[in-house]
Every structure is written in structure tokens, then in C-alpha cells.
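This report concerns only the one structure given below.
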Amino acid sequence: MAGSSFGNILKITTWGESHGKGIGVVVDGCPAGIELSEEDIQIYLDRRKPGQSRYTTQRNESDAVEILSGIFEGKTTGTPISMVIFNQDQKSRDYSEIASYYRPGHADYTFDTKYGFRDYRGGGRSSGRETIGRVAAGAIAAKLLKQLGITCTTYTRSIGPVEIQSFDADAICDNPLYMPDASAARKAQEYLETCMKNQDSSGGIIECIIQGIPAGIGDPVFEKLDANLAKAIFSIGAVKGFEIGDGFDAAKANGSTNNDSFCITKTGAIGKSTNHSGGILGGMSDGSPIVFRTAVKPTPSISSLQKTVSQSGEEIEISIHGRHDPVIVPRAVVVVESMALLTIADAMLLNMAAKSDDVCRFYKK
Amino acid sequence: MAGSSFGNILKITTWGESHGKGIGVVVDGCPAGIELSEEDIQIYLDRRKPGQSRYTTQRNESDAVEILSGIFEGKTTGTPISMVIFNQDQKSRDYSEIASYYRPGHADYTFDTKYGFRDYRGGGRSSGRETIGRVAAGAIAAKLLKQLGITCTTYTRSIGPVEIQSFDADAICDNPLYMPDASAARKAQEYLETCMKNQDSSGGIIECIIQGIPAGIGDPVFEKLDANLAKAIFSIGAVKGFEIGDGFDAAKANGSTNNDSFCITKTGAIGKSTNHSGGILGGMSDGSPIVFRTAVKPTPSISSLQKTVSQSGEEIEISIHGRHDPVIVPRAVVVVESMALLTIADAMLLNMAAKSDDVCRFYKK
Amino acid sequence: MAGSSFGNILKITTWGESHGKGIGVVVDGCPAGIELSEEDIQIYLDRRKPGQSRYTTQRNESDAVEILSGIFEGKTTGTPISMVIFNQDQKSRDYSEIASYYRPGHADYTFDTKYGFRDYRGGGRSSGRETIGRVAAGAIAAKLLKQLGITCTTYTRSIGPVEIQSFDADAICDNPLYMPDASAARKAQEYLETCMKNQDSSGGIIECIIQGIPAGIGDPVFEKLDANLAKAIFSIGAVKGFEIGDGFDAAKANGSTNNDSFCITKTGAIGKSTNHSGGILGGMSDGSPIVFRTAVKPTPSISSLQKTVSQSGEEIEISIHGRHDPVIVPRAVVVVESMALLTIADAMLLNMAAKSDDVCRFYKK
Amino acid sequence: MAGSSFGNILKITTWGESHGKGIGVVVDGCPAGIELSEEDIQIYLDRRKPGQSRYTTQRNESDAVEILSGIFEGKTTGTPISMVIFNQDQKSRDYSEIASYYRPGHADYTFDTKYGFRDYRGGGRSSGRETIGRVAAGAIAAKLLKQLGITCTTYTRSIGPVEIQSFDADAICDNPLYMPDASAARKAQEYLETCMKNQDSSGGIIECIIQGIPAGIGDPVFEKLDANLAKAIFSIGAVKGFEIGDGFDAAKANGSTNNDSFCITKTGAIGKSTNHSGGILGGMSDGSPIVFRTAVKPTPSISSLQKTVSQSGEEIEISIHGRHDPVIVPRAVVVVESMALLTIADAMLLNMAAKSDDVCRFYKK
């Protein structure tokens, strides 16, 4: 099935494999007239670029984006924006070993079962490099939403057992783990050093806060804004959990503590005195910041010994070598942000036709 | 936007409000030739029927389904199956009070903001009765999947702080909370009595296990099976979290403990020695049971005093009376199961065209 | 496959068979706040009601619509509008004969091949009664578009060899064939009498003119407005051709005669001095009226002797009796109009997000 | 709106402008395991390459395709196949003149109205070069369908007033107009010479015959196979009409002459003794060849004098120079074929899930 597209009015289609010619995305349905340059995209891509710290793969890629269509005189034209990032460092090493067995925690076995064979070079389509297209598209959504006063802060909430104890937005970019707590970041780095020494890897949690969304975005039933966020985030490889607002803690709560009281804010508008809901009620934004968390599993590629099965059906022991991140979380931060922004942007464009009065006003302008 | 449809090949479209004429669903794309009767549907609907215990609303509805189309000589014809459940107990009480303010934790405010006004009778479209259509459709997915050897067990894992300590499938239907642990069920009922005495409500966690799915179902990128399950489950009102396999615990784990080793099973097939993945790798089923959990928030309608804002913009205090479940979880169990089965069934139908060899074989049969 | 839905933002899903319990439609994504009553729908339905003249089936149905959801206090709420028309005159006659063979020109054989069996009572899902849902939905699109100053005139252009020679909009409803030329209508009726005497049927052409559409509606590539109109109209049973503007005559024309010059109209706006394009250029409305024609084949059910094949595989001769229109065209007029209006309405809602400036203005209102 | 995608299971997304960096397409959902090389694609692209005769634009492009993803070891992997054709001959001439007015018969005005501005270089996105992506994708559909025994013959039926009088499949590629009648081809070339002398252009009709399709492909209601073919063909620029089987002639026919009798063929199978239906009954293929025709308007770019309006709102006279085809038809032949094959292929993949028995058999293989 055609599963490489996401979105309705603003729709992206990604393509590409880890060791193919490149990775790309077509962004269709972007409103016309937005100023957009390759630099706008590159800023986002650089946030997930490999080789930036000890904790990310040492694969040497500049991941430079090239825009092939959809821009004229520096602005989006309303037609599809095609972007490509050509692969540079596809080491032409011998893949016969990796081709011969199923790596635990990877999609080797499921790909083979579904399609009859697989592009085993560097994980093929299931490589983390697939997310490059998402990030390039996310940069466009970010630009569109910024015009509407919507901003997004995404960061690492925890690495393994190390969770942030304080929040300083300025600290996020001061450490390679994107943690808003310098002290936690130090402890997390120590933890990762231990993991690496043990030829092991770690999971973690990413948190995302979206501010400035007006109330009423999203739809009441199957196209709830939180449902689409959940799908968007769960479509990222290695994600194992998603929660919004109080999330799993809400399951232990009472109505009296979980409900957010409505109040009148200083500006005279309707607001909420708390935000247990995480900014969404009945599938529609409630005017408070949208807050969600996502659980990321440990990098499955580890060099310590593992049991598995060979393609010929024998039980074997393997040790995976190569350039692997000991933790996926820091580089996934911008991927999570990108998917969230794409989801929000699409929902906002769809929302324009919700009221008959708005439709009439639009066409009588 | 048209947000009341779910699925691709097997697509459902629900309609109806709590206090309108009825609730219904159109199930389109169901393969032809499945034996189906109203009894098949009713069995599922009866699992979410109100008034079955102290812990569910005392609204008196038989929720009897009527099939209006798509069945001929007792079998599905391949054309849309339209089902309706007429509302019976729409108390014609005075709704002017509830219309005059925004209930905390409900969609009153977001509906008003999005659409300009709302059907305030019993929650309108955002009522839990909206899920009736999902369950009626889920019964059909269950029938289809059963033919393929796929079964589903769904139950309450926790109510507030009370979590199951053991698992006995036979116990699930022996208590009104659908818990597979009789002792935990007793404690949970005591806990709910306290909540009710305090005019309060409780949240909880639902767990779902799907067995018999072959490997390779789902797609690698945006249409990952877990991404679609996440959306399906998050589209149910009151859901605040979703996790698969080890879920949020995976964030604290290491690769060496989180990876599932492949092995050769007694039948000589490829299997896994553990199931931390929850049955999905790279967005495709891996042949192990699919296991997921979902967090449900406490019923927002509580009779204890709450602060909120009136439609005219004044801060007020309210107390919500009426027929409300002190906990949503037990009745949501079958809704979660229904959405999961619909997601799985659709993915299995889509999967048939994945391999060129299969397509050739199909048309040369 | 789920093939009973049409549209994107404004989406309809139809269901029902000729001799089942009823026919219905769910209209989802309709903007909130439109005044809508069952009378609005009934006016449209009455235009395709059977038994209105000698030239339509004598099946005795009032085709009274019932709205089951989506309306509150007389206005659309933005949630799905479910409508049902219960079948009344499902003659419980013996269908064993019609079940035993494949009627020429009908979908009996293709249904059987695709689905393994068919609901043979009155044509089942492929009956003309399936269009009732389309017309009920079309009435809503008409109401929405009228608010935007868009109107539609649809009529019979020809019946068999008899084509209109003049156009008088007032005459359309003065004859049972909906022809805008009283003289042609008389000749066409004479022609139909001959057909009926010969136990035969006739085809014809329907023309549709949509006025008031602003320029820029529709999209440049696959979602061209004319492409969607073509699909919408071709999805009506018995349609065999669709052309827009000069249509097939354009194939014989030269660029110098087929091009429409742009000009400045009396109001100072940009207009066109001719309308060979039929109101669409590059897939988007050009501000001129949209004009299209559709060819409808003769009713396949005729009582004269025909050769065919029985379900058991024998060549036989049959004569189809029952209540059949000698011509489908007059009753299809409102179906064509409904599908056109639904297509236009959906395109107009989608168009609201085309320009970044409009999106910004919308959210800063 | 995202309007650059087409198809459901087999979905294509095109991008690119006439004078941008290139033109491309992403083909998603292609079944895995099909042998595919750039040569397979190039054969199709070469059929629409410019500069092949006096009657096509002299733009000098090799239109060489490059496959960027989705192929491994010479076979499709089931993941998106991204193809790009870089533009080479984007003459960097002065476009200020063409930018200053609206060309009659072109999408300049509608683009400007919809999006606020346009990429005016060579027609931008509405250029005929947009179809390159469709043809590259069509080549893949052709390869898939060939494995299933389905072939397609597409040719020019008429150029202006010159229509074929005989059919010789071998003659199609013997003349630059792709006419299956050498004599008509000569006359058509003479006619085109006259058009060119008059600084004018011509329209024409393309006919397409698809053989080998089993009965039952397509769906009964909105996703009728002919409805999707109509949309596919009408989504090609310059198309003004589409008819299937007897098409508009059916409007003049009687049921007794238009119905196709079913019969038993020599092989003992069910067949039809005629094919007025054009191979589709009730929206589903009936086992006969699918036959349709499409009307193509004359090239709107002509060098003779035309009236139009400047962007600043003045009525002016223009004469369009440049490299334009005097007739679009010959180069559109392969575009029509490509869109038809993509439509058929998608419908065949969707059809696999129509019967419950087939689904059960598939998963028990």
C-alpha cells in the first residue's frame, strides 16, 4: 500500500533509502506566497545531522538539501515542493554478513516477510535517514505556523533513568542531548558513556510543547488532533509510547483533580487555570499549549553479543558493528517536532471551512 | 473537515448524537460472503450497554442494532453495511443550565469555538454514545478476523491506583470491571465506591492482546501498524496515552534488554524468545502477539463543585448532576477492542497487494 | 474497496439497495450554521421521484427523507448529517427468474464475478435508487452554494435523435422531460411513445450550467475541477460520455477559434469574450459559467426479446418485465446536478487554504 | 490542496515545472519483486520526447530518467520509487513579456487568481512537461499489468477533421502522428502543414484499447472503473471530452441496439457478442476490452494575433512565439495510455480484497 504520504491539505510524500542515491520529500498543498529558501530547510536538517557529538553516528554526511521545484522568486507557488538530499557517505562495504541474518529489534525480518526480500544496506528504507524528508518538510510547516504565531519547543526529557529536574529553554541547545537542564544533561552523558563501555544503548523520552494554537483546531471524531499527533509521532521508528497532558498519570487520577477549570484571563478571554488536558479537549485544541511526550526505545544496533536467526534458518550469535548512535533520542527531537508541526499545520488549513459564516465571508472578501 | 470516517479498504463512517434520533455507522469495503446477522453485532454492543452495573450510567437503553443494507441471504454482499441504533431514552429534561456554561474536561468550549454553537443535549456528538457505531463495526471486523485465526483479548488493567497482579482470562467477564484478576477487581470496586461517595470519578488503563496475526502486516513509514493503532485508540474520547510492548518502560531500558532475540520455534518457524516489541517491528507485525495499553482519564462529569465559565463570560461554580459513569474504563474496553480490530482488518486487506508474486498468483488462480 | 464515499472536505457516503430496508447517505464535513430542514432535501428528491409521468417507472414511492443527525435548532452543526429514505414499495414478488440469468446492459454479471453472488432484487446496489442518497446530499451542497451566489441549471438537451433547438429556462419544468424547448419536448415525447410501443428504450444528453463560481476553484494537476466533475458524473450509472465547453467539437477546432480571448468587462473586471473552455482553464475555474454535457445510455431493461446467458451457463432468450423507465434521462437530471454541486462545493472549501495571505488573514480575524 | 497525487494502493505524486530544475514522480505502493530498470522507463518517456518530428516542439531535451530509490538488485522493493528527469534546455530567455499578460487558452489567469502569482517560465507547473512524471509512472504500471496479461494500444483517432478509416496496429509507430491508418496519417500531416502555415493549431481524438482485463475490476458506486478512468484522463491538460464504448452515440441509441448480449464463447466462458459498453458494466470491467476516446483541444499557443488582457488590466493584442507543437495529440498518446494503465493497475490491486473467500485463501496459503 502507498504508505509514504502523510497529511490531507498539506501532504508530504517521502522516499529514499539509507544507501540509495538519496533521500527526499515532496511537500504538496503548501499555501502559496511563503518566503522559503534552502537555508530555511537546512537549519532544521542540521539539527538531526550525524556526527555532531560522541552520541550520534559518526557517518559523515553534510545532508545538504536541494529544492527542485515549487519555489519561484523566493516564494512558495502552491505547487509541490520537491526536495532531495543526496547520500554521500554510503560506505561501499561488504553487506553480505548483515544480509545473512535478522538483526534483533530491527525491521529486517518483517521487511523480508512482507516483501519477499529487502534492501539490507544500512537498513534500507527503515533506516533513520528516512526521517530526513520529514524534517525538511517540517521546516516548511514551521515557517507557515510561525506566521500564525505558533511556536514549538521540543527537547529530551529523559535518557534512560536520568530525567530532567528543571526547565531552562536556553539550555536545550547548550548540550548535545538537547536537555533543558544542564545538570541532568551531564548525568545523562555519564550514563551514556557507561552504556557505550558496555557496548549497549539507551532509550529516552522526548517532550514537545506547542504554543499559540487557537482553540477549535482538530475534529471531533476520528480526526481528533491528538489522534493525528499520536499517529504522526508513532510513525517515527523506535517510538513505543505517546501521551498527552497528564497522559498515563491521568489513569490514576480523579475527575476532581484531572479536570481543568475554565477561567477568565487577564485579557478577558476564556482560558484554563490548569492544563492537565495537554491543550486538547474532545479532539480539538482548547487554547492552552499542547504538551505531549513520546517514549523512544534504545538503539537496537549494539555491538554486544546477541542471539538471532540466520536467513537460512539457523540460530546464531551476532555482534553488530558499524556507526550507530548509542541513543536515538537527541537526533529524534527535531523529527518529533517536525511531525507535530506538520500535523498542526494540516489541521489548521482544514479548519478554515468549519463554519458557514467563515466560508461566506471568505468568498465575499 | 469530514472527520467521521476511519480506514482505507475497510472504511467506517459514524454519525449521530447522544440525544438525536439515533446513532449509526456505515461499514464500507467489507469483503463479500461473510455470514453476518444482527445477533453478531448485538453481542458486541451489549458489552458496552449502559445500566449493567453500579459503575455505569443508569441510562436505560437496549441499544438494539438494526441492519439496513449490505446483507443478502445472511451474508455480506461487498456493498455498504448501514447499521442504526435508535435512541430511546433521550430524557426530555431541561438543558438550559448545561447549555449556559462550559463543563470542565468536556468538549463544550472547543465545539463552540470551532463551530459557533453546539448540540448541548447530553454532549451531542462528543458523547460516549458516539462509540456505539465503532463497536457495531468492530463486531464485523472481529468476524472477518476470526476466519483468519485472529483473536483479541481486551480487559481493564487498572482502575485508579488498583492494578491487576495476575491474569486469568476466564475472570474477565466475571466482574463488572472486566479485570482478569478477581482480587484486584474487588479492590477496584471498593475504590470506586469511595470515589462515588466523594462525588468523584476515576481513570484507568485498558490492555489489549491480539493473537494470530501473521508477520508483515502494516507498512514501513507513515502507515505503520502501530501508528494506525495509536490513531485508532486516541480517536476514542478520554484517551490520554497509548503504548505498545514495553512502551514507556522502553525509554528506561537498554538495547541489550529491550531487543527480542529471534529463535527457531518448536514448529521450525522463525519466532522471538521475548516480546518487548509488542508484536510490531518497523511498523509491521512480527508474528508475536500485539500487546498495547491505553490510559483513560477519569469521567469529567462529576457532581462535586467545580469552577468554570458561563457562556456569557462569567466565572461560576457548578455541580453536574445526571447519569454518569464513575469510571469510563469498563465500557471502553470493547471500544478499544473494536478500534484495534478495525485497524488490523484494514491492514490485512491492504497487505494482499504487497508482493508482485502474490498479485500474479491471485489473477492466475 | 470502500467505494461508496465521494469528496474530501465535504464527503458523502451512500448506502442501500433497491429492495432493502432503505437508501441513505451520510454527509460529513458540511460547514456549521447552515439552516437546513427536511423540506430543503425533499424538494430535490421530488425531482427524481418515480411515477411522475408516463416516462418514469410506476414504482409508487413517496421517497420521504428523514434527517437522523447533524442538525440542531434548525442548523447544521458541523457533524455528520445522516439521512434515510425508507423503501416502501419493495414488491415481494418472485425474483427467482431474474436471479437465474444475467440481464444485458446491467451489472448482474460483473457483480457476480466480483463478489461471488449478488442481491438480485431490483438490481440491488446497482439500482437507480442508489442515486437517492446523492440527491439528498446534493440538496445540501445547493444550499451552501446558493449562499455563495452559485446557481445551477440542468436540463435534458436531447432524447434519442431529438435535440433542443432553443433555450427557455422557464420551460424546463413545464414538461416531464425537463427540456428547455417546448417544441423539442413534444417531439421527444412522440419519440418515446414509439420506443415504448416497440418495447424499447432511449438514451439522451443532459446539459448543466453552473453560474457564479469565482475564478481559481480547482487544482492544477490530478485534482482539476473538470477531472473531478468527470469522475462525479461518470460515477452515475448509465453515463457513457462527458464533455466540457466545446468538448468533442474542440478536437476538430483550431487554436484560433477555440481560444477564448480575455477582455475587460463593463464592471472593469477581467472576463472572457467567449466560453469555448466551458469555464475551466488548467483545471481551475476561469470565472465564466461552467458548462458540461453528459451522454446517458438507453435504459437496459426492455421487454423486447434479448439473448443472454443463464447463471448455469446456457444461452437463453429473455424478456424483462416490470416497472422500468423508457428513458433514464429526465430523472437523471437532478442526479447530475447534485453530483456537480457536491464537486463544486468541495473544491470551494478546499480552495480556502490556497494562499498564505488568506490563511494569515483568517487566523488574525 | 494537495492535488499532485493519484491512486490509492498504487499512488503517484508528481512535481516539477517546465523551467525549474527538473520534473519527477514518486511511485508508492508498487508491489515488490518486479524487475525494473531505467530502460523500462525510458522506452515510455521516449514516446513523448520533444523534437521527434515537425509536429512537436523543437525543445531539445533528452528527458533521461534517473531512478533514485525503491529498486534493489534490479527489482522493486515495495518502497517508493523516486524518479527524476532533470531539465536541460530551459532557455534563459527573457520572460518579461509572457509574464505581463494572460495567454488565451492557458492557465495563466487561473493560476494568478488562485495563488496570487505564478511561475510564468514556460507555463510553470501547467506546462505539458508535467506529464513526464505520469509517463514514467505509467511505464511501471505497464510492466506490472503485462505480468497479468494486460496490454494497451493507444493511438490517434483523428487530427482536426481527419479521422482514421481503417485500423492497422503495425502502422501506429510508422508515422509521427501515431495513427493506425497510413492514408489518414498522410492527410492529417497535410492538414497540420496548413495549420502551421496559418500560424494556427489543431485538436484531435485519442483512442485507447485495453485488453486482457478480467471481469469484476472496479467498484459499483463512486469508484467505478470508468469514473476513475474519466478522472485520470481529464486530469491531463487540454482534454475536453471523454467517452467509453459507444459514448455520445449511446445517447441516440435504443436499448435493443445498445445492450450487449451475453454469450458462451468457444472456450466455454461467458462473453459478450458485442461491446457497446466499452468493457465496463455498472462500474466494473465485464471481460471485454476496455475502449475509450478522449478529445484534445488545439494547442492554445499560436503565433497568429490574439486579443487578451495585460496583468495591469489593459486590453492588448499578442502573438505568442516560441517552440510549440501545432498539435498536442501525438505526444499525448502515451500520456493517455499511462494514466489509463495506472488507473487499471490500482483497481486490480484494490480488487484483491473483494471476496471473503479470497482473503481466507490468501492468508492460509
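Order of writing sets the chain letters: A, B, C and D. Residues in each chain are counted from 1.
By our rule, a contact is a pair of C-beta atoms (placed from the backbone, for glycine too) under 8 Å apart; a residue touches a chain by one contact, two chains touch by 3 or more.
Please read all numbers here as calculations on a predicted model, not as lab measurements.
Trainee: Report back the single chain whose CA centre is most distant from the CA centre of subunit A.
Mentor: Of all chains, C has its centre farthest from that of subunit A.
Trainee: Write down the chain pair with more C-beta contact pairs when A-C is set against B-C.
Mentor: Counting C-beta pairs in contact for A-C and B-C gives the edge to B-C.
Trainee: Measuring centre to centre with CA averages, how many angstrom lie between subunit C and subunit D?
Mentor: Here subunit C and subunit D have centroids separated by 26 Å.
Trainee: Taking each chain's centre as its mean C-alpha position, how far apart are subunit A and subunit C in Å?
Mentor: Their C-alpha centroids are separated by 44 Å.
Trainee: Return the distance between the CA-based centres of subunit B and subunit C, expressed in whole Å.
Mentor: Here the centre of subunit C sits 38 Å away from the centre of subunit B.
Trainee: Could you tell me which residues belong to subunit B and also touch two or more other chains?
Mentor: Within subunit B, residues 1, 3-5, 8-9, 14, 29, 32-33, 78-79, 114-116, 125, 214, 220-221, 350, 353-355, 357 contact more than one other chain.
Trainee: Help me check something: in the complex, which residues belonging to subunit B touch subunit C?
Mentor: 1-5, 7-11, 13-17, 20-22, 24, 26, 28-29, 32-33, 66, 68-70, 72-73, 75, 77-82, 84, 114-119, 124-125
Trainee: Taking the touch rule as given, give the residues of subunit C at its contact with subunit D in the complex, in rising order.
Mentor: Within the complex, subunit C touches subunit D at residues 1, 3-6, 8, 14, 102, 104-107, 109-111, 113-116, 125-126, 130, 158, 160-161, 195, 198, 200-205, 214-217, 219-224, 226-235, 237, 239-256, 258-264, 268, 270, 273, 277-278, 281-287, 295-302, 304, 306-309, 313-315, 350-351, 353-355, 357.
Trainee: Please name which positions on subunit D make contact with subunit B in the complex.
Mentor: 8-9, 29, 31-34, 76, 78-79, 144, 147-149, 214, 220, 348-350, 352-360, 362-363
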